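Report on the structure given below.
Lettered A, B and C in written order, each chain numbered from 1.
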Amino acid sequence: MSSRSSSATAGRKTLRQRLAGTSINLFYLPAIILLVLFLLYPLISGFAISLYSWDGYNPEKIFVGLTNYMTILRDRNFLTTLINTLIYGIGSTILQQVLGLGLALMLNARIKGRNLMRAIIYLPALISAVIMGTMYYFIFQYQQGALNAILVWLGLDRVVWFENSTNAVIIILLVNSLQYVGTSMIIYLAGLQGMDQSVVEAASLDGASGWKMFWNITMPGLAPAFTTSVVLNLIGGLKLFDVIKVLTGGGPGYSTNSVSTYISIQYFDNQNAGYASAIGVVLFVLIAIVTTLMNKGLDKLNWES
Amino acid sequence: MSTSKNAAAADGVTIVGRKTRTRGHWAIYLCLIVFCLIQLVPFWLAICQSTKPSDDMSATLIPRFNDIQWSNFTDAITQGGVFRAMLNSAIVTLFTTVLVCLLGAAAAYPLARRQTRGNKLVSSGILALMMIPSLSILVPLYSFLVQIGGVNSYWGVILVLTASNLPLSIFLYQAFIKSIPPSIDEAGMVDGANRFTVFFRLILPLLKPVTATVVIMTSVGVWNEYALSSYLLTDQSMQTIAPRVASFFSANSSNLGVGAAAALICALPIVILYLFLQRYFIEGMVAGSVK
Amino acid sequence: MKRTPTRIAAGVLCCTLAVSALSSCGSSDDPNTLEVMTGMSTGSAQLEAMQTLADRFEEEHPGVTINLLPGTTSYEQDLRVRLAGRNPPDIWNTHGWSRDRYANFLEPLQDRAWADRLNDVMDTSMRDEDGAFYALPLDIAVTGIIYNKDVLQEAGVDPLAIDGWDDFSDACAAVAALGKTCIGASGKETWTGGNVIDYAAPGVYTDDELERLQDGEFPAEPFTQLAEMIADWREAGYFNVDYTSATSDDIARLMATDDLAFAFQTNGMTQTVQQYDPDANLGFIAFPSQTGEPYLVTGEDYALGVSNTSASKDLALEFIDFVAQPENMAVFAPVVNNASAFDDVEPSLGVVADSYDYWVNERQTRTIPIFDRVYLPNGMWNTMTTTADGLITGQIDPEGATEQMETSFISLYRKTA
């Protein structure tokens, strides 16, 4: 009898606990409602468009099934833009980690004016990418651009900075990295400040022997910062849009387009809204896979350290 | 043993440091100053451009400080309605940021504390939403807002931008809450408080540092948002700054000087806000990035 | 201290409610408000002229508000999103596409009182087979090859003596010898390249071949010729070196600094050039033809259409009627340097007035409608711009260009037929 009642109370308790446990999920209800209404629902409607042939504005749509997805497989321009996207995504992630970490190490030392310098380095990240892109364009512009003005002043010939697609891709990569290097820097600075200051300083200022300490002490301590920074930069780089639009518009030909700008070209210029949506779905899946893989790999890194 | 090691390391800093400080610091300073200059060049060019009338064809690099074209600034303000746009941006940014912080922190709490399979799925689903290319949702989202009458209204754009900024804030809050020992919650529960009281009384006050980070990330993002708000707010009296500045550049004619002036004026508030919050920004990241 | 979060939450809730209450007034469904998408940039002379007209109309109609929306470089996209979302503005600038793209969405205007006053120049570009048209043309683009008089003079080229594309290429050689650019185009704004094909194509096809195009056949040879010509220009370095990254603004500036000889754009470009150099010395020549007389291309330029689903359609039509009055048309004419669609509205051609006088009035040059709208199936415009872009950057050869055009032509013709 007593054992029965105790088991009953135990059962009631677990139920209560379980309920208490589930009720905590109410906290994310408002956020989920917003996300479902304003992101998930449009996203799914977008998926639906990818099954149609549609010019993007007239009311008539023709159902074509998976034709748009089959077209992607045969689209050579898509392949170009996919490769570019990976270059932009992975390239700027690497560049931002190297520069961001370097800057963070230098600016973590107690040097004069470091707050000002931190602010200056972060400054471009405060401005919208379209406006920043336009400002960077003033640097590379052929006629009145800053770089060519310097060359002319030195008595040299003007250079066509966007002459070929390789140059253009590199410039786009560089511009994106410079604009958002401040974010990585701040994240690494935060990571460094979360560690034992004297150890870090020793590691960063100790010359040759410091390298060992850097690898053995500083780097493992920065693993969480590394994860955050890589995930943010990767998503930003893979979604790159504005800078490309402003600097080259995707040209010459399709050679500097990212998948995002290619979607815009297909959607609006080519009036292939269905096809553009199919590419959007593929891009979404692609970024999700890359980021998940990265996240898994980075998690492992955190465990090991 | 470890203390002696630490002391030795500390000694190393002062001894070796003094040597490298003369050499090493020079190199570091040089590096940093060059890098800062690189980061400032675009702004210098924008300033130069804003000083010139449109028929000035000299290199952008050279300013015209002896004869500044003030009309660029006055035109930006009068024709462009830049102040009105800044007010709109301020309203949208303020409400969106507050909503993102509140809803984001609340949503992150169960996701960090109760890691069931279902919640893990929800949490990676939210992360996946960060990866949506905004063009993929543009037309369906616009149609939806037209249906619910949310176009050209503050609430429409606020809700949309809140939704699009929530995933990142949830990501950051979640990482931070995981670093708070669960014993705090448990102590609160033992005292008889329910989950809501625990969250509002005990957890929320602890989230201040990461909130600074979320505030900066969100407000910068919303202040500059263009891709969606240029469609959701078309009425001139409702438009925010990014679409306003863009309207100085059209296919037929652009006015670079006025555009640059408008861009500079619009950048000012967010830069000032950042300078005030910079310290907290890093602190928030410290807590967020060291689990 | 501990209560602050709750207080903030309550405060936010109240404020959100307040804001949504505030913003619920003044929606676009208000029958006394007209929303006009202009596609004109803030501070431009065109938008200012529109504002003058809007102010006048508001003055005559107390209680009416006209919201002029300025445009950006993504004007066309903005418009498409609004059409797709079934929320078009009451009136919009149809930027050359009133019949070919927007006819389904626009109110036919041929029965308005002012329709009789229109001259027949706009017939080929704006009227459909039944004589219906869908926008009020604020001007008509009469387009030749824009040139910088000073540059050609320096190169020793007499523009009026250019008779045939060979002469044009010779002129380019003379300009290039000065170290200057012969043809300006912008890869970022692909329409500038697309124009090169669009404007030059009628000159390589015979009348018979043009008819075959309309019947769904693609005579490849003439197009290969045109493509070879463009490829030759590229090889000789006649295009601006910064083609890939240049904006159309950069092209205008290049012409303003007397570093550029020719551009394949409408006269609207001369306005932008003058913004950079008010004393720029500009003109235009007719397009040379290999199959006949030289010609000018006419087409829809700035034109206003009324949404057929507008909640304030009557008011919108009233505004259109108002703008069509001669004294109001005269407000817009001086800001576009183009011909007028109305016989009773004096065109104001500004810097290109003497060119217009020479080619239109003196030589009575024949006019041709815009090539792709009449001879190519709907949707070809974009293939044409990518083809031009490929040729100018050297990414495709003339044969590839022809193939690309032909494939797209055949598939699109099937779709529309």
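Definition applied: contacts are C-beta pairs under 8 Å (C-beta built on N, C-alpha and C of every residue); 3 or more make two chains touch, one makes a residue touch a chain.
In this text the structure is predicted, and so the values were computed from the model without any measurement.
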Pair with more cross-chain C-beta pairs in contact, given A-C and B-C: B-C
Remotest chain, subunit A as reference, centres from CA atoms: C
Distance from subunit B to subunit A - Cα centre to Cα centre, in angstrom: 14
Centre-to-centre distance between subunit C and subunit A (centres being mean Cα positions), rounded to whole Å: 37
Intercentroid distance (Cα basis), subunit C paired with subunit B, Å: 38
For subunit B, residues that touch 2 or more chains besides their own: 57, 138-139, 143, 246, 249
Residue numbers of subunit C (touch at least two other chains): 84, 189, 253, 257
Subunit A residues counted as touching two or more neighbouring chains: 56, 141, 144, 264, 273
Interfacial residue positions of subunit B with respect to subunit A in the complex: 6, 9-10, 12-13, 16-17, 20, 24-25, 28-29, 31-32, 35-36, 38-43, 45-46, 49, 57-62, 103-104, 106-111, 113-114, 116, 119, 122, 124, 126-133, 135-141, 143-144, 159-160, 162-164, 166-167, 170, 175, 195, 199, 220, 223-227, 242, 245-246, 249, 259, 263, 267, 270-271, 274-275, 278, 281-291
In the complex with subunit B, residue positions of subunit A that touch it: 20-21, 23-28, 30-32, 34-35, 37-43, 45-46, 49, 56, 103, 106-107, 109, 111, 115, 117-132, 134-136, 138-139, 141, 144-146, 148-150, 152, 178, 182, 186-187, 189-191, 193-195, 198-199, 201-202, 205-207, 224-225, 228, 235, 238-239, 241-242, 259-260, 263-264, 267, 273, 276-277, 280-281, 283-284, 287-288, 291-292, 302
Residue numbers on subunit A that touch subunit C, as the complex places them: 55-59, 137, 140-144, 160-163, 168, 247-249, 251-253, 255, 264, 268-271, 273
Footprint of subunit B on subunit C - complex, ascending: 1-2, 4-6, 8-9, 12, 15-16, 19-20, 22-24, 26-28, 35, 37, 39-46, 67-75, 78, 81-82, 84-87, 89, 189, 191, 247-249, 253, 256-257, 268, 271-272, 275-278
Subunit C to subunit A touching residues, read off their complex: 76-77, 79-80, 83-84, 104, 187-190, 240-246, 250, 253-254, 257, 259, 379, 382, 385-386, 389-390, 393, 395
